[in-house]
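These are the structures, in structure tokens.
One chain, subunit A, appears in both complexes that follow, with subunit B as partner in the first and subunit C in the second.
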Partner chain A sequence: MNVLGVGRSSFRTAVAALRNTQTSRALATTARPYVPPASLEHVAPPRPRRSRIKTKPESSAFFTGRAGYYDSIDSLESAIHHSQRALKNLHLLPLPAFAKEALPPLQTVWKTKEDMSELLSAKLTTSRYRRVTGLLGQLNDHRRVADVGGYAELSSGLSSVLETFERDNKDAVLARGIRKPVKFDEYGRSYTVGKRKESAARVWIIPVKQRAAPAPTETQAASPDFGTVDPISIDSDPTAAVSMTEVLVNGMPLAKCFPLPADRERIIRPFRLTGLLGAYNVFAIVRGGGTTGQSGAVAHGIAKGLAAHVPDIELILKRSKLIRRDPRMVERKKTGLAKARKRYAWVKR
Partner chain B sequence: MVMSTSVVQRALRRDVARFVSARRYHTEPRPLKSPEDWSDFQLERASYKMLIDHFSAFGSTQTRENTFQPHHSLHRPPPPSQLSLSALLASGAHFGHSKSIMNPNFMPYAYGVRAGITVIDLDQTLPLLRRAAQLVRSIAAKDGIIVFVGTRPDLRPIVRKAAERVGSQGYHIGEKWLPGTLTNKLEMFGPDVVKNGRVVPDLVVFLNPIANIHAIRECAIEHIPTIGIVDSNVDPRVVMYPIPANDESTRTAELVSGVLSVAGREGVAIREREKAVQDKLRVRRIAKSYRLPQH
Partner chain C sequence: MTRDTAPHTSSLNSDPLSTTNPPEHWVKREDALPPKMSSIHAARCLLGSTVKSTRAVAVGRTYATKQVVAGRSLAQKTKSSSFRPSRRNDAGGEGSAKKERSTGAFQTMSPTSLTAEIFKDRGADELVLPTFRPEALTQDKVATAMKFPVADTNPMRAFGLPKNIATEFQLLSKPFSVIRDVTLKVLGRLDSANNKSSFHSRMVLTGSQGCGKSYTLLQAVQYAAASNWLVFYFPYVIDTVNSSTSYTYDPRTKTYLQPAYAAQTLQNFLTANSRLLQELKTPGDVPIDGRAPIQGGTPLTELITIGAKDPSSAPAILSALMGILSKQTDYPVLLAIDAFQALYCKTSYKDPQFSTIKSYHLSMPRLLLEYASGKKSFARGAVIGALSASNTTFSAPIELRESLKLGNGTANSYIKRSPVLVSYAEGLTKITVPEALSEREAASLFDVWMKDKAISRDSGDELFMSKYSEAGGNPRDFVWKGFLATITL
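Presenting the complex of A and B:
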């Protein structure tokens, strides 16, 4: 044994001297030839091993180094596969295009990348996060189909899986950007606030009280229901008076408050586009800014109020950008410039 | 609206008659708004399927149950004892790569060349595959950890299924082998896991060895036996137990991993049986030692 030990170490030093740039790791197979432990059983007595039973890793993806991530990918994919098979047996999948459009939306907000990493106990890069949310989206689609088909058990099962991946403040996030519903008081008036530039307007809108309507004749066409307005056909009854929209701004009538016709047109524009001129009266208190800003603020408030009174109108006002608060504000002056954009005269020298 | 089976069946029978008389063959595009619309949509489809199923009974005797389905190669692999040359041929295992890139060390396993492609000799592949299966079986019978490596998108479900088949001793890597998994295990898994758990596999099976050459090298450093599907452009000596076959074909990979994992499952069963026998003997011995003396 001693001789063998001496011989082995001298061989090692010789090899090391020859290749002194390489590490001992690189010489693993040349310096000390590998001998399987089974062959040494009868040569040397087995060392008394400490009785430590080593356990096998739990996850079958342990050797990937990212067991949590790959396990969750596998389980999501199998959930998708099983739910797809169940829905296929129920003849709900595959969905043709017209049925897909008819599905009610079930919007969800998934956890952020950091929260998801914590949940899966694996650091997620953006591509991995996108992959996980892609799979969650597929599972969510299956949940929508199960929901609309009326299969509560399947839907609740999928929901329980998906809830762990949804954000805690999901409802708050989904409610963002949705306008609060406008309340009406006991007289049927809506109260809205409109803003433009530095002006803010408080606007109250009340429907015009209709006079006693004349007896409907056969010549009158069927009218769509626009609030409490009954459209009076001029041809049938030329003597009937047309109802008027009265606009009071800061206690003054419109013509007195806004001498410029452009400002007045701006205020009346929501009524013109929606055809509700004569249907509602407006009272507004506006502060701040100049004529353009104040008229724009009143128009904004009127648009929001009309949308509250007649919900069908909202799309028209949205398309014509009246319900959107105009974000244009006065741009600040910058250093080195005369005004926001105006530069000083260029001098050659 | 939840439907019971009897209600559905009655509705289907009624709808089949209506369907046939109305000659409605396809669901026409129409808006689906109420739950009744959705259940009508379902019933229409179910009645169409029922019609097909009803008349299928009068047609061919071949059904879904008794014919080959594409998913059988993954989910119903042959056991090693029933492996045949025709199964290997059917999976396309004999297609090697181009003649020009053939590795000279692969020559013993090549049958010849046809149309510029190296044809692999399946007469040699078959016993080598069975040898590999025997290895997997014996390692599994000794409570060994077996890792299946297939780092291509189409190999992912294959290695996953193979690991599932072997059970608690089977592991899979479907995407990427992180360099240092075996040589840098302390930093990769942490000192606690390395001290108290088994982090070194006892066998690694490579379904695409060319892409995992670093993993093969790590296994060689750590003295772990390797099995691999070697194609004609690979030196068969990279792995300890080469299986010369087509590494590009998914069906071949399914067949090979299926055979090996079935062998692994057999090995686990052998171990369970032996453990049961040993436990029974131990219990008997303990019972004997506590037997009351006869008066």
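Presenting the complex of A and C:
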């Protein structure tokens, strides 16, 4: 039933007629007003209006405003999914507990939030950054498993994905905190530096040449050129002389340079704890600070040098805090206080 | 606890708080060693030299002679004054055993109640050391520890000891020393000096602080005493120049005599050498000021006794005695002087015009300098001196250092050398005592102290090697700053 009382066909005709009139009729709203040519002399002719081509945005996440972020999330998640699948097929996942413990530790240095934002060309908030690094961590784990499992192709493929997200100076960052290996010179001397308070000591340690060569036994392994420590017992050969550790500081014997027994003991302590008395001689040059600081600096240098000569004893020296540079320094004076901590006398009024 | 409740009847009180009589088992003050060991005199009398000998070296800078006889009664001193000075007991220390006082917070305990291990007797003597005898001193005995004989006639007991050695012997159960290469060297020189004039055998032991010069000198003295030498030993000759002994001006010789010190020296010499002096007699008359000359043919023991008893004639008798001994050839004479450099230093004495008296104007240093420089010499014998760095007031002056070629700024041509002292330092030969003990010598030393329970028995190689390294082998540092000073045993 037609509400209008007009037949269907007449309705269609009416619509078509309307359409026709719309295309040919110039409406007041759309027509351009008349402008005399003289006014248009100094006006540039209008550019031809191109028909607006709507190009498809590159990313489907364009209208999120953070295309880079969501795209990377997508690609990472898909990579995780695929690698997980692959590892499962290779029966490398899920790993049993003992295998997980045996895996080498992860050493990850991802880009900072700012760098990541630049990479993804989208400003990242902390939670978004954490989400990215979380996914990267998962992918890194899969890469590690693949690496340990011996699937180099898979591992390298994952590495190439992860590399873009890692910092440029990754190696430098990972190398921080690891002591540089101590070098030995042609005479077998180690050169180390020790510090305490304001003192700095340069320490050279050389193995003592054993005077009486012990009789070679079957159990004695092939000894390297330097750093052999063969204990000589005075009971086994009473005529053999037992060597003693000699310490020279700034050209002076230890006893002359440090008259206090406490300072002398501090310097000999690394030898005593490690049982290397009589095995090495020490020459040190120390500057700055006072007697106790200088003795601490020499002891620090000796500890580092002994650890270089005999790596096994490093744990002993670490546990006894001799390898660590004593971080205690003189505390600064503060305003409103007489000294670093001392306050002025309190006055009631 | 009031007096009324304290029992008064019996002298032997079991009640420790009784104030009437001290219990029997308290060590009485007269028998005990002198309480204060800080004075050098007390340290020297440690080994039991006679009471008189300690007190004869009187303290004071008086111009006239001053005799302090031990045991002088209190009544004589305090006759006129009401002031009662503190009683001095025989050993020279303050306080008296007979003074009755309450024990206060400390209560006595009977010896039977001391049951802990530390109070028990040593029992079997763990420390077995060979005795220091001339026959036993061979090359293979280097680095062995040998104990010194402790007879009363030993020069150690008669003359006393330097303070540091005395302290060590106080701590040890037996006085000992370690034989070193330098010991054998010095004893060899003594052997060669046996039949020669002392002019050719004037030696000075030099070396760094704490290297063992005094100990080596002591070993030489012991060797000489055991080898029938007549021994003069001056353990601390600084006492002759630091104005601790009385001095008088003698117009005849135009020098300052030191009568008390001379008398003391004579007494000590007699104690140490009485056996050998029995046979010796004075060749001729010995003239002495103010009394009849001593007849020729008097036994030397009698001559010395006269001098020891009469300090006013002691310097003359001492120089006469030295003259007699220098001429006789029955026994060689050893003149051993520790802190030898003090003889060449500026003294602490002042004359009436308050100018410093030179050392060669005092009788005792002059006598020693004459024999040390060779101006006078023994027909048979030697002079050995040992430098000492302990007292910095009397350190070796440039004349002595140049003579001994010690270095340390002797090339300075802007310092005036006294020609008299240069002449007194002529002809001295230097024997350098090595700075460091060898490892074996140090091991023997360590062993003795360990067996004497100065160090824990559990400490072994580690303590020994660490202390040796810390001291650099220096004997004094090894013992005193090493294992006796450490708490990390």
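As a convention for this text, the second predicted complex is superposed on the first by the 257 of 349 C-alpha atoms of A that agree within 3 Å, B and C clash if a C-alpha of one lies under 4 Å from a C-alpha of the other, contacts with A are read in each partner's own complex, and residues count from 1 in each chain.
Operating definition for what follows: a residue touches a chain if its C-beta (ideal position, glycine included) is under 8 Å from a C-beta of that chain, and two chains touch if they have at least 3 such contacts.
All values derive from a computational prediction rather than experimental measurement.
Undergrad: A:70 contacts which: subunit B (first), subunit C (second), both, neither?
TA: In the superposed model, A:70 contacts subunit B only, not subunit C.
Undergrad: Given the superposition on chain A, which partner contacts more residues in subunit A: subunit B or subunit C?
TA: B
Undergrad: One more residue to check, A:99. First (subunit B), second (subunit C), both or neither?
TA: first
Undergrad: On the A-aligned overlay, A:151 touches which partner chain: subunit B = first, subunit C = second, or both, or neither?
TA: The first partner, subunit B, only.
Undergrad: Return first, second, both or neither, reflecting whether A:52 touches subunit B, subunit C, both chains, or no partner chain.
TA: It touches subunit B, and subunit C stays clear.
Undergrad: Once the shared chain is lined up, is A:344 touching subunit B (first), subunit C (second), both, or neither of them?
TA: neither
Undergrad: Under the stated touch criterion, which partner chain does A:187 make contact with: subunit B (first), subunit C (second), both, or neither?
TA: Once the two structures are laid over each other on A, A:187 reaches no partner at all.
Undergrad: Using the touch definition from the top, list the residues of subunit A that touch subunit B in their complex.
TA: Going by the criterion above, the answer is residues 25, 28-29, 34, 36, 52, 54-57, 60-66, 70, 74, 90-92, 96-99, 102, 148-152.
Undergrad: Touching residues of subunit A toward subunit C in the complex: what are they?
TA: Per the stated touch rule, the residues are 234, 241-247, 253-256, 261, 264-265, 267-268, 271-272, 275, 277-278.
Undergrad: Which part of subunit C faces subunit A closely enough to touch in the complex?
TA: For subunit C paired with subunit A, touching residues are 438-440, 443, 461-462, 465-466, 468-474, 477, 481-482, 485-486, 488.
Undergrad: Going by the contact rule set out above, which residues of subunit B touch subunit A in the complex?
TA: 1-2, 27, 29-33, 35, 37-39, 41-42, 45-46, 49, 145, 147, 160, 163-164, 168-178, 181, 188-189, 193, 196-199, 201, 220-221, 223
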